[in-house]
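Pasting in a structure now, in structure tokens, and then I'll have a few things to ask.
Should a chain be cited, it is by its letter among A, B, C and D, assigned in written order, with residues numbered from 1 in that chain.
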Amino acid sequence: MSTAVHLDEITKRFPGVVANDDVDLTVERGTVHALLGENGAGKTTLMNILYGLYEPTEGTVHVDGEPRDFDSPADAIDAGIGMIHQHFMLVDPMTVAENIVLGNEPRKWFGTTVDRERARQEVIDLSNRYGFDVTPDDAIEDVSVGVQQRVEILKALYRGADILILDEPTAVLTPQEVEELFRVFEELTAQGKTIIFISHKLGEAMHAADDITVLRNGKNVGTVKADETSNEELAELMVGREVLLEPKAEPQEPGDEVLSVQNLSAKDNRGIPAVSDVSFDIREGEVFGIAGVDGNGQSQLVEAITGLRTPTGGAISYKGRDVTNASRRSRIADGMAYIPEDRHERGLVMDFDLVQNGILGSQHSATFAADGRINWADARDHAERIIDEYDVRPPHADADAESFSGGNQQKFIVGREFEREPDLVVATHPTRGVDIGAMEFIHERLLDLRAEGKAVLLVSSKLDEVQGLSDRLGVMHDGELMDIVDPRNTTEEEIGLLMAGERPDTAETDAEPPVGDAK
Amino acid sequence: MDRRSFVKAAGVAGIAGLAGCTGGPSEGSEDTTAATTTESSGGDETTTAEQTTEESGPSANVGMVYALGGLGDKSFNDAAKRGIEQAESELGIAYDEAQPSAAEEFPQFQRRFAQSSSPDYDLVSCIGYAQKSALSETAPSFSDQKFMIVDDVVDEDNVASYLFREEQGSFQVGYLAGLITTQEFSAGSGSTTADSKSVGFVGGTETELIRKFQAGYEAGVAHADDEISVDVAYVGSFSDSAKGKEIATSMYDNGADVVYHAAGGSGLGVFQAAKEQGKFAIGVDSDQSQTEPNYADVILASMVKRVESAVYTSVENVVNDEFNGGSTTTLGLEEDGVAAVYGAELGSEIPQDVKDSLSESREAIIAGDIEIPTTTE
Amino acid sequence: MSTTTIDRLRDTELSYRATLAGGALSVFLFIALLGLAFPSSIWGNFLAILTSRSTLSSALRLSVPITFAALGGIFSEKAGVVNIGLEGLLIISAFTAVITTAVVGPEMTVLGLPAIWIGFFAGILSSVLFSALFAVVCIRFKADQIIAGLAVWLIALGLAPFAATVYYGGVNTDNLGTTLGTWTIPVLSDIPFFGAFFDADPAVYMMLVAVPASWYVLNRTAFGRHVRASGENPKALDTVGVDVSRVRYAGVLLSGFLAGVGGSALSLGLGQFVGNNQTMVNGKGFIAIVAYLFGNYNPVGAFGASFLFAGLEAAQIRLQQVPGYAIPDSLIQTIPYVTVLVVLALVGRTRIPEAAGEHYDTGDDNR
Amino acid sequence: MSATENAKAVLRRLTAASATERILISFAALIMAVLVGAVIILVSGRITTCQTAATTLFGTGFCYDPVEVYLVLFNGALGEPFLVNSPGILKPLNPDWNPLNFGFALTLKETTLLIFTGLSVAVSFRAGLFNIGTQGQLVLGGLATALFSFFVAPLLPSGLVGGLILIPLAVVVGALVGGLYGAIPGALKAYADANEVITTIMLNFIAAQIAFVLVSEFFGNPDSQVVETTPLPDWATLLPVAFPQGGDFSILALAFGLALVVAVWFLLEQTSFGYDLRTSGEQPEAAEYGGVDAKRTTVTSMFLSGALGGMGGAIWVLMVMGKWQAGVPALGFDGITVSILAGNNPFGVVPAALLFGTLKSGSLAVQFGTGVPKQLVGVLRGLIILFVAMPEFFRMLGSTIDLEPDRETVATDGGSLGGDDE
């Protein structure tokens, strides 16, 4: 076995931040190497350096034993490196084939024209060789995420990549698609390719990788062989201390019904049905969880409940009143708190300071704006209280939201929403991108709210989170609520099957295949 | 205030002009030291240096405020400019010009001239009816300042107003167009056939003044033959020659043999259309076969409106201390203020009987035998 | 997402085109029907105007500057740089074309090239230089594209009449006395109605070539794909090793080139530059933006939209001359604008390149 | 990303810069524009021909002297505060200078009008709407004011009392009509998703034509050949106070404009509605999340913007013309440049309007006094906007002076800003 990649004492500093601190990393040819770490541990930065997107502040990159100095991804590509980013680098309106050959188009007629036939054929040949299932003429925007990921891999292979870097490749996939991806890994390594993938999931790394390198706070805290380590060892390496990985909600008797959703349907922004016929209810002192792979209608469901999307059918009643078509503002006024899934888009106005962001949603409330005039002194006190109680760092109410890290932004949003004294909290991915301490804190607060008799709707793609916190758990697939299960008496595998669209008892009658399923 | 007179560079300067070799001060490069001393030695000497060209100073200072559309329209404003140039060379006056680009600039320029004390302007010429309302306010505020206005009347003691009987001249060219379209005629680059009896009129903006042109023209055409149809269209602007061209082209396509324009700068497009289509056009304000020699081969005639003589006369009056403030001078065919002037190149080819008919109608109009409407409604 | 999703997406795209085409066709049929039924009515006149060869050739002529500017706008915006300055590019090229011809001498021939064609190329060159300035400002110095575009417009709007005044003493240039003229193709030009295509300004032929050529470049060449990728997802392009800045520079320069052709053709078709008010360009650059948005960034669609506007203008000019027709000219002139409003209100949004208007930074040198 | 969103991104970036930085950049832009303008003056001074050189540099004579041009510009705009004809570059102050002069009145007239249009554009920009339509709103608002005053004036006692009643009403009518006209693209945007950049451009053309037809066909002044309404009686217009007659400047209008600046600032920064408006301008999704009715806010903001434009038209009619006249100057477009230079800040609008007002009023003096065509000022205006648009340029120029605050330092949990690397 030879060394495919060797990173030698890489340090990368951004203004005020050390993203990578003296990191060594060695990856053997023909292996799968997992780069494991918490969010913000510096995994992506390190891989961006290997791919030529960033230049290291210090240290050297060696590929195939040669020291290399990549000025741009083009250099990395020349050296046989391909990277599949977490956000796919695909041009949505173009076809699969167009995307794969982009930048290296086969030409005809003295180079004036793209040889589309040859491009198609090469794509077909390539996908046959590695057993991929893609149709060259589909537009990217029309194919599933799983297929898009395969297109990204093909793109790298088309450019002659021997070393593939994948940034959190499983985050957007169903468990079944994850399995399919790991099968592809085997196929690729069998043909001599080297794979480095970034993950923060222990199980995945253990399952798919040969070697695992753990990063923490920008430092390499250890490289281990997958078959010589344990979950516990890895977890300790990742977080540096023992953590309570699975929050558990003690059963408690729920009260009156707060929210009731009946046969709700909604369309997405493109006018395509995204939620179909969903019914459930939530009662006081209850956490209702919704699990599912991202993009199966959870967002649209939550938007319909919170008043950001007009349902196309069905009814929503809140505290006994029909609110199906009530305005967002009236729902806020009526005590509905909402932690949105996208804090950059919705949750915060990035160019407003925290004082202004602190009253987002309350700008018309009597608390902050009697007679239409905003009381900025009160607003400031409010923001400072949130900053204090929810440990938002740095504690600068006058700083723009943009200048805070993702975790601190999230803490501020959570604080703002919890401090509304809500009757219902709709929390989507409330712990996305926050550190473990903050995650624990947010979980505790959610459970506190529950204990206070509030109703909570929790949507998360982290199965352990929803499973651990919920009293009842709905699983969504392709817009439908597959089933409502008792999370305490259901296994992860069972939920995984539901997420993939298979009802254990009715699997045979389910006509529609799961999203982007490979043959 | 340091004023300089400018020599128009057009046609004189070659490529080198753009490159910056022959432009610049006319003292020439060998004389730059002289220029430097003149400049650096203070205001007095600069003035002396300037005045050497005019010995004892001008006989009068005139401020010209042109109509919108600016110089280079080859008709209205350029005609006014000719008048003042003539006055400059013949009467020894000096003048300054202002080309407003918006109506709101009229009062500002009028005022700047009226207020100025170096030099003290003896006369401010306001070219075009659009300046009427501005002048109505400016003139009373500067009762010692003499003004003149062309194309409208401002009833103030210090304003001399000049009007033209455009309908008379337009009648003449309309009559000409009517006579030509009914016969087989070919001259220069244009030709007509007897079977199509159609002519056109292109106006600038649809205002009272331009309707006067149209009314006279239509009357003249009808005087030749009632059957002739007159296509009428307005450009909506006096400076959109591209649209003028489109309109005229559509008229020629439609069978018109002769198109008359009262559209200032937009009229250039009419000539181009005529040339491209091998038809005739009639110019306005100036003898456009001379101001636009490129199109002399299609310009049958021009309805000249002697703005230059109005300008010249008013300046002359001021120089001779005969300023006729408060009065309105109306110039028609009789005073030779308007006239149908045959094209420099085509005039000689126009049949004598046509010319005779025009002479007759001219006499009849002067004698009052022919009534010409001044408006289309 | 299933196949039905794809179909539905295609449907929306199709329905956009179908609405436009169907709308235009039904309006025409409506007029034709009324016109045939009442030949002596205003509808009869209108039908006659719409089907006359002279209207067609007029519409072709009038659409030249709009189409070229619109094509330019497509390349620039597809590459990710919104070029609001098209109007300014038209102005500067229109002016430069005339003044260069005048300086060379309209009758002169240099190296076998008539002065007017030297002027034509000089106009294009000036527009390319201006767009290069715009490109550097937007790409290198990360200026806000909309504001920089406005600035380009304002500068050109001031500079051309300024230079004309310096050189000629007035905002208009003198007439050159010569124009690009007309190229007539024998036989073909005798075809009724459609003969207008073969008896036209050289610029009309250029336009008829430029439209399919632009489509081809955009859709069939590697460069065109890079342009589209650069406007949709520059990072995708960057990560496959294509220099996004370079593609964007090319897109903007190309927009300068195309707008330059339009501007030169506009002024040299007339032999003069008119610098009053909004100059002779008078909003054509803005109409061009509307045209390509209307045409959904497709060069053919943009041409269709430009041709529609020009056709309405050509028809309007003729409609005005119909005797006894009482609607004021100015109201008829609003027809194209009202049409755009109505269509926008009915059809709504057009799909704009995802990354248009955004700066793209490579690597970490700007962090 | 729609054109609107582009515009929003533009606005966001502009507002993102700190106030100090923006002021520095504005000044730097001004200086750069003046320098480039000087080069243009020199070059054109070689192209044109004249009898005496105005200045001589490097042994070459130039017809125009940039220093003189700029001096004349300021002198013209401010009414001769400097003695231009005295030697040397630094000119002494004119002892006879009186600030209440004609030139200064012209400058303040332009400034007043630009304050209105600048505010109009600023309000829409802050709401994330790229309103290019202030011009059309101004044209129709002005026409409404003129017609209203014309028809109502005979019903009122003439003189001060009538003026006190009529003028405020006329301004309100102008604001209403401008506002309603502005609400059209707002409604098209909100309910038909039509791009407001296109619709407002179209509506500008339409407004000009409609106003032209209305006046030329129905409400024209029978005594005039110009397309204009009948002049209003003096008592129904804003007459100059303190400043000389003919400058078309009324200090009352300026006071009103300044009061509006404060009012608009108050509305934007201190009220719930302003919060809604700014939020939807900054981030429409977040606004929606915060319970802002996006559609209604869009229509309301456009109404407000249009109303300010309409008031600009009303002031133009009442203070400058005393009637409505075809060929309304491009004050609405100038408002865009004012607002951009002001960073869309209501208070910034005042100095920006004063600057452009000075340039515009001084441009006539420049043409008059030096022969340099007044379009020079148009070029300068474009250059200023161009330089304002590229703060990056100045950052690179002055890389030693770090203008940009070190935002990154506040990131505490990893290398990622805003949590991009989940």
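One rule holds for everything that comes next: a contact is a pair of C-beta atoms (placed from the backbone, for glycine too) under 8 Å apart; a residue touches a chain by one contact, two chains touch by 3 or more.
Values in this document were obtained by computation on a predicted structure and should not be read as measured data.
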Ordered by label, the neighbours common to subunit A and subunit D are C
Between B-C and A-C, more contacting C-beta pairs sit at B-C
Taking each chain's centre as the mean of its CA atoms, subunit B sits from subunit D at a distance in Å of 36
Averaging C-alpha coordinates per chain, one finds the centres of subunit A and subunit C separated by a number of Å equal to 44
In whole angstrom, the CA-centroid distance of subunit C from subunit D equals 29
Residues in subunit A with touches to at least two other chains are numbered 14-15
Shared-interface residues of subunit D (touching two or more other chains) are 47-48, 216, 408
Two or more other chains are touched by the subunit C residues 167, 171, 328, 330, 333, 354, 367
Pairwise touch list, complete, is A-C, A-D, B-C, B-D, C-D
Given the complex, residues on subunit A that touch subunit D span 12, 14-20, 39-45, 86, 168, 171, 217-218, 308, 327-329, 331-333, 338, 340, 342-352, 356, 359-361, 363-364, 369, 372-374, 376, 393-394, 396, 399-400, 402-410, 432-433, 435
Note: in the complex, subunit B contacts subunit D through residues 1-7, 9, 12-13, 17-18, 20, 22-27, 29, 32, 35-36, 38-40, 42-43, 46, 49-50, 53, 68, 96, 98, 101-105, 107-109, 111-112, 115, 129-130, 132-133, 137-138, 141, 151-152, 205-209
Residue positions on subunit D within touch of subunit A in the complex are 12, 15-16, 270-273, 275-276, 278-279, 282-283, 285-293, 406-422
Contacts from subunit C onto subunit B in the complex sit at residues 52-55, 58, 61-62, 99-100, 102-105, 167-179, 181-182, 266, 269-272, 274-277, 280, 282, 313-314, 317-318, 320-321, 323, 328-330, 333
The answer for subunit A against subunit C in the complex is residues 14-15, 51, 53-55, 71-74, 77-78, 83, 85, 89-94, 98-99, 102-105, 107, 112-114, 116, 138-139, 141-144, 155, 159, 270-272, 512, 515
